[in-house]
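Chain nomenclature is as follows: A, B, C and D, assigned in order of appearance, with residue numbering initiated at 1 for each chain independently.
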Amino acid sequence: MRVGVVAKVDKKEAVVAAKKVVDFLRKKAEVAVEEQTGKKIGIKGKSLKKMKADIIVAVGGDGTILRTLQACDAPVFGINAGAVGFLTEVTPDNAAAGLNRILRNDYAVDKRTKIKVMLNRERLYDCVNEVVIHTAHIAKMRHFKIFIDNVKAEEIRADGIIVATPTGSTCYAMSVGSPILDPRVDALVIAPIAPFKLSARPIVVPAKSRITITCSRGPSLLVLDGQCERKVEKDDVVSFTASKTPARFIRFDHNFYRRIREGLIL
Amino acid sequence: MRVGVVAKVDKKEAVVAAKKVVDFLRKKAEVAVEEQTGKKIGIKGKSLKKMKADIIVAVGGDGTILRTLQACDAPVFGINAGAVGFLTEVTPDNAAAGLNRILRNDYAVDKRTKIKVMLNRERLYDCVNEVVIHTAHIAKMRHFKIFIDNVKAEEIRADGIIVATPTGSTCYAMSVGSPILDPRVDALVIAPIAPFKLSARPIVVPAKSRITITCSRGPSLLVLDGQCERKVEKDDVVSFTASKTPARFIRFDHNFYRRIREGLIL
Amino acid sequence: MRVGVVAKVDKKEAVVAAKKVVDFLRKKAEVAVEEQTGKKIGIKGKSLKKMKADIIVAVGGDGTILRTLQACDAPVFGINAGAVGFLTEVTPDNAAAGLNRILRNDYAVDKRTKIKVMLNRERLYDCVNEVVIHTAHIAKMRHFKIFIDNVKAEEIRADGIIVATPTGSTCYAMSVGSPILDPRVDALVIAPIAPFKLSARPIVVPAKSRITITCSRGPSLLVLDGQCERKVEKDDVVSFTASKTPARFIRFDHNFYRRIREGLIL
Amino acid sequence: MRVGVVAKVDKKEAVVAAKKVVDFLRKKAEVAVEEQTGKKIGIKGKSLKKMKADIIVAVGGDGTILRTLQACDAPVFGINAGAVGFLTEVTPDNAAAGLNRILRNDYAVDKRTKIKVMLNRERLYDCVNEVVIHTAHIAKMRHFKIFIDNVKAEEIRADGIIVATPTGSTCYAMSVGSPILDPRVDALVIAPIAPFKLSARPIVVPAKSRITITCSRGPSLLVLDGQCERKVEKDDVVSFTASKTPARFIRFDHNFYRRIREGLIL
């Protein structure tokens, strides 16, 4: 087994924990270290895209996990060394025990729907949590039109629109009134941010449907998993559908409701 | 083709329209009339269960459609002669044109998930819109436990709990904050009524999952599609999952979003 | 000072604690015991209405407090011996310390708006938390018209309507989406239960305004502070305004936000 | 009577209508024209602050009205020549009839609470609708602390916080779940935008209370009535209370509920 290791390099605990992971794994498996992480721990590394790992160990918070998943498709094992760790599986203290379980194949893979995002004809990163289209001018709402499979489903003035996966339904989308989506539900949820329309409601659509959003006036911002931004102008068309490849998380207990109730998610 | 006809017998317009439907169809198809409807229009009828129709024409409001679907599995063509007609397809004025389209096979069948309901070991009616468990003592909340596939997902004091299909997501469930579920989403939504818990949110679960609800103290009422009631006591277990057979509606335009936007649904 | 004592007589802890209160107070003040409570602790008692106390010590939960406030206007000191004690001030363990503070006049009186309720021309009990008009037939909504100072403010189909005081805004009303009202705001909040109207919102009106509600079809139930019920029929008119006399609670720290944050209220 | 006239100068209809207003009024009253408006219609004007009018006629949309109210305290008569005219009273077609009613003193003055805003020790403009503190970095929430009269009432991660008057409760605040506040209620409402906290609720506080908000990290933006912005950094303190002078609107029918129901407001 080839294991990749990546850390949140600007966080000391994460780098320390990543070093321990590398030391631990080296005796038992082939190890590849991500470039920037490698610089911090004195090992020559490779970019995530090129390391061809069977599994990635990501040490940091949710941001680290999300950026890792944008760069490669391998299953991710998250070790929480960040402020927000909904997507991580263990703390640094339990990392060794977790790695041992992985090495002896005693784990489950939790597959999660990702969103494929197109800005006009350009494919952007797939998102694990959500994509947001938000007015670039704070407190000046935009006029959005939302089409589901080419039929207009909603027309609304709002600060923005969130399109979220079930995974993202307990993150930003939750803040604007999204329901909780069991991750086994093959769907995406569309939820407006501050809709100036009393009848606005979140809409749950099939994962395979094509969601298209246009925005009356620019500029707006497209924010992908809270990690990167793109400007959207008046005539741009943004569209969404479920990605063909899921995000994969290594889990020891992946019952969604148990995790919610234990506060791992909410 | 064998066409069954049923009407809301306590509504004159419905009986008049049903008579016209029977007269119209007789020359062109085999016609069976539901027992009570038959009494009103002077034709010997049969119960819905026994009439073995290929299609049922139901004349009335949503209540008529829902009761028809509880009694038989044939596709239903709804003619609106009631106050609330979200589930109907045409008005009496357009009935003849609609029937002609049906006779020449020019229609679509809109399949909608139904909920299978078990009260302890007894199977109750399948529901098209929703099942409600509601305190029988108004303004005295109950303590509900909700299990998804045997894992406790929520524990909550509330007036009641609604379990709705996508079809029902725009009915009673909507009144308590449910999202809109596209009917193609293979899911049910669980939404509490007046939850005494600030963190309560609707939960969207896979249609195939088994939802089990228990209620701390009795009595509560189980209300099936707003049509019939059963008492639920303290130790009773109510469970829900998607029914194997869907409800089938005859539609000429069954795009869900077009119907919502034209106010047919909301 | 004349102190009245009342307990939740069907709860043993409450009766025990009430007996201790009486023993404690007897040496220091004039004590009157409520009739039913008296029977339990072997002292001849008087009805709350007749005991002319300067202060009432109520031992039990919120129900006990609410019933006490319906029967008399004296300031209430609540000792929590019930399941729900948002309105109480101390636990039985702290009762003696609290009574000492009262005897040496070291307390504040927290005045809370009550609702005056008229059913046609009959004045019912004043309510401390809320009045609910709810369909008497579960899951069959009613059509309500709400008038504010004789102008129609809302027309809505719903399960019911809650009219709540600021005190009640964190109770039942909260379950249906009411905002939190600081008790110093001189207002009432009107919040629908399961409104079948997407644009429905809670409305905050001046305490002195006259709220009138009619209900299309009967029967409905009027529930006063969750303690007593009256039937409402089709042509009945129910009206509400702030009561001239407030409820008065004896408090040692009556900062509302501190209480909320410490979980005493929410 | 001295009447001031101001128009939305970048909107032709507004300028045309303003010219008609000036021509109409000149024969009957003393008229002062706002500087920029004067340039457009060929009359020497004065700034709103200096014109000392008894009444201001503002021709445009809500933005025009809000900017006028920020500059002076006179009662405003709004003529709608803009897209959004919740705050205006008549259309240009009814302007002459309205002005005649004003000249013969046949009108009411609708007084509305304004918010006094302090950024540290600097007093900013009073707001008629709302003040928003919003993260300056879209989709990166901030950590806000909200104090009411120096007691911490809420601590919350969110995109922003809205503090609104009753007038503003049907504008931006409504988009994030604020209740409707009858304008006679002497209160302000605090409503979070996209709160990452399931228990967050709008809070209605007395108009006279002092609301203080701090923000964990900068930069954030303070947006006043949607018209002007100020940057807020980490250690800044923003505080709010009702202004001593109300906004005054000239109305012919100022019943709030009638206006809501006729769609003038919502």
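Everything that follows uses one rule, which is that contacts are C-beta pairs under 8 Å (C-beta built on N, C-alpha and C of every residue); 3 or more make two chains touch, one makes a residue touch a chain.
Quantities reported herein were computed from a predicted structural model and do not represent experimental measurements.
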Could you quickly compare A-D and B-D and let me know which has more C-beta contacts?
A-D
So which chain is the furthest away from chain D, centre to centre on CA atoms?
B
Dist(centroid_CA(chain B), centroid_CA(chain D)) in Å evaluates to 47
The distance between the C-alpha centres of chain A and chain D, rounded to whole Å, is 40
Of all the residues in chain B, which ones touch at least 2 other chains?
174, 177, 198-199, 201, 266
What kind of graph do the touching chains make: line, ring, star, complete, other?
complete
Can you list the chain C residues touching chain B in their complex?
132, 134, 136, 138-141, 158-160, 172, 174-177, 193-196, 198, 221, 223, 226, 229, 266
Counting only contacts in the complex, chain D reaches chain B at residues 198-201
Where on chain D is chain C touching in the complex?
148, 151-153, 174, 177-182, 184-187, 189, 191, 199, 201-206, 209, 255, 257-258, 260-261, 266
